[in-house]
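Note that the chains are named A, B, C and D in the order they appear, and that numbering of residues resets to 1 at the start of each chain.
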């Protein structure tokens, strides 16, 4: 992200929202809905928030935690998140009860972008990466772009966001470890099929380096564009501290980019998995 | 209305609150209007291109965080053409934080950034001095004096010396910086620290050691501000663990003329605004017409009560 | 069963956990059997009678506390006749912490307490040296070396040098102490700090400044332990903010052969017992047969992953 | 307190009790009852506990807080406290709910002592000092010592522990600021009357330096023994840290004593008010 001058009006809210909902989706994931300001609720797919985490007993998460926008309703003034309870911070988030205050800053970074020329795109995601990719389906639908979503999970019960994709008119292919359909070879085969059928004008993924590598190979082989939403530990979330850098290869040169500021959505081919 | 202005040498700031170097950049303007701040301080820049330290670059600890970002820098031309113009319309005075491996390097860089749009220089002398075995300039009175003296000779702008807390006697370094002509001191940088991940027995920072910042260091830095303020006549700018207006007031009472807020902005990016408002409120409640009256207002007269009066009697 | 014993020079301790000087006395025996501890360390004593600092002597800060107790002391005869006999039936080796205003004073006091029932001497050299302008012995390599050398000549008992964290380069002091013959280092004492009461603008401590201890200082002292352990061959005993077995393990992995627990005993007087149990459990879980294997087990090989692998993919 | 050797068995429990009750007594005071071990419940009048305080929002009480034993039931294994919400720590205590765990260490220090030869004693207290003095009435009753209690407060509504004293058979005289009966001159007059009537073989007080000074004068004038329970900021509570010292004048010499270890109950005449 670069400016010509400082922005004249704020584009990011740093506020205390109100928890409307924070419930388990399955054994590992929770769905959090926060009532926010109008500004926060303008969040777009692929953008994220920094969430302040309550302290679980005996633990002291200090920094805020980055979470992708799972949904944002600019009319109802709500933003929602789908998160996995992983460590101290997310254990703290899981403690939030309806009516509690919840510190949050966003929307941050820049999200996915779509080219009107694309007829159909492919979204490949796994686990909580789908929290980030889910809203892309709705965005594509509005833009008149068709979506095929390959949703990967350990078992059918853990396939998430299927509804979100279906409701947005996407064609969903669920692949799972337990059924033996989620292995790279099969995903590669499915992708090649979609590319051959002209259904993959661009490809989108998130998180997993295994999937990222797989798509990068295909994108290079078929000279297709793509985007990936990356993760990195963050402190400021505003491009100020340089703790969230990752390597990118741009014109053959390795360079650092800040996930919070230059991303979190990046050109698929430039990212280093 | 409380008079919130403070004087730092020849300069008058609209209020005593500004960001700490490395915890502020143009991104903060997405959240609020930077004109609200007393001053702006850039992330430290160097003349040479640098990529910074290996990952992970931050780690959490109780009461604060460790960082070993290093000083990723895209050099002077990038700063002058891409960063500086962003602040062109901003009323808050801009200080450029600089660092270099030699005293001469500091001077050259100071000269290079002494251009219109830059109000002053903050010399981050907590960085390793390659001429003294990698020890930080700010760990030696001699090296501190040499660096500041050369910087002063190289620029007409005010120069703030940012000290290191990793010293046995901070007052000695403070006097050396004053002696060399520093217009103010910033006290101080992060405290060298470490954490180990017991899952894999690796340091939690890619660089093994890093700087501790946040509330945990406040009492230590407050003491150093107090020591420096008593040791020198130039203004001292307090920096370390400030998260609330009360923290800022404590620093001012200990002797600080102004304060910088670092890590707390990561936890709430509006912290500086809240500190400014809170300081005004504190002054109003306590009957101070000017926030500057807080500076050095500490009372040291002996308490004549034999034992602290702490009976819980209604 | 985990072998919990550790060697500190010529001495074998039943386990690596002992109290920090000034946070332990016979009163702790009201709560549990002191034989459970690896060693005992007395509050620092001096030859001269002292009343200690003015009140208040402690203050709370986030993540720890400040203290400026001073060293109230009833002198050597009182110690030898009233305190020492209490520990007569205790199996845990007893270290007497001593302090003096001169190197000679240290030596005389060391000789005076080198009596049966005393296992060793802990030299608290963080106290002011009146021959060096009140600067602490442990802030100068020369003064450290002189004091430890004279103490070693005056006693046949093992001598631990307790360093000060208020220095720019702790490794230099560590080497001086080793050079002078110290049998081990204790790293370290409290960090000089301060707090101000905004109700009355007075320092929260009667002595204005005091020592910060507790969890807030852990990352700083851990770094110093790491630096000292790499600088010397003698054992390093870690002390600073240890409140849990995990904290203790972190210190050992950084290079400590044993640990001292101070402030955490004020919050829960059974902390040392919990640390001992927890260390045994930690070793069992990680497949270490001897707790001593933790010492210096830090892994510094570069991580070959380009970027930290932190994708949240199930 | 001094030993000849280390104690062979523990006399102080450091444990996590269970909150049985923690309710308001009046606008400022709360009554806390904790289920404890048998050892903790052996506490005697004048002894105290160190209580771990939960963190109120935005505050971080770190050290434990000393609180006098307001009651101890060695059969039911309970200890109770009467406390005033004063600062961060006691605000934290006030958050405890029935069923919560509560870290506590005690009994600590030594309490009041009674001479069988005393026929009647006078207890003079004010405010929360009565939490400390209350149990003395029951102790005196058991020892066959009569008690006259002068209870001082700002207003009649704030006179506390009256029931505790009455139930223990004490003769209660309530004096209040609002009724103009609590002024030193009147209390002095009451005391002199009791002394003249032979009802004051010893006098007991707690806390307030004003009351302490008043009694010290009377004790000296009439050569009567007395005891005072003192307060001082504490860290360890076990005589280890020397932060809780106060001045005492013993044989004309000023010396420091530790309130937690040498007290908290001291000879009335040696204390420095």
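FYI, a contact is a pair of C-beta atoms (placed from the backbone, for glycine too) under 8 Å apart; a residue touches a chain by one contact, two chains touch by 3 or more.
Computed from a predicted structure; not experimentally measured.
Listed by label, the chains that touch subunit A and also subunit C are B. Comparing the CA-atom centres of all chains against that of subunit C, the greatest distance is found for A.
Between subunit A and subunit D, the centres computed from C-alpha atoms are 61 Å apart.
For this pair, subunit C with subunit D, the centres built from the Cα atoms lie 36 Å apart.
One simple way to say how far apart two chains are is to compare their mean CA positions; for subunit B and subunit C this gives 32 Å.
Residues of subunit B found to touch two or more other chains are 55-56, 61-64, 307-308.
Within subunit D, residues 232-233 each touch two or more of the remaining chains.
On the side of subunit A, the complex with subunit B involves touching residues 1-7, 10-14, 52, 60-64, 88, 103, 105, 232-233, 235-243, 245, 256, 261.
Taken together, the subunit C residues at the contact with subunit D in this complex read 22-34, 43, 51-52, 55-58, 60-65, 67, 69, 72, 82, 85-90, 214, 265-270.
For subunit B in complex with subunit C, the residues that touch the partner chain are 54-56, 61-64, 66, 135, 139, 166-169, 191-196, 198, 200-203, 206, 208-209, 212, 215-220, 222-223, 226, 246, 249-250, 253-254, 282, 297-300, 302-303, 307-308.
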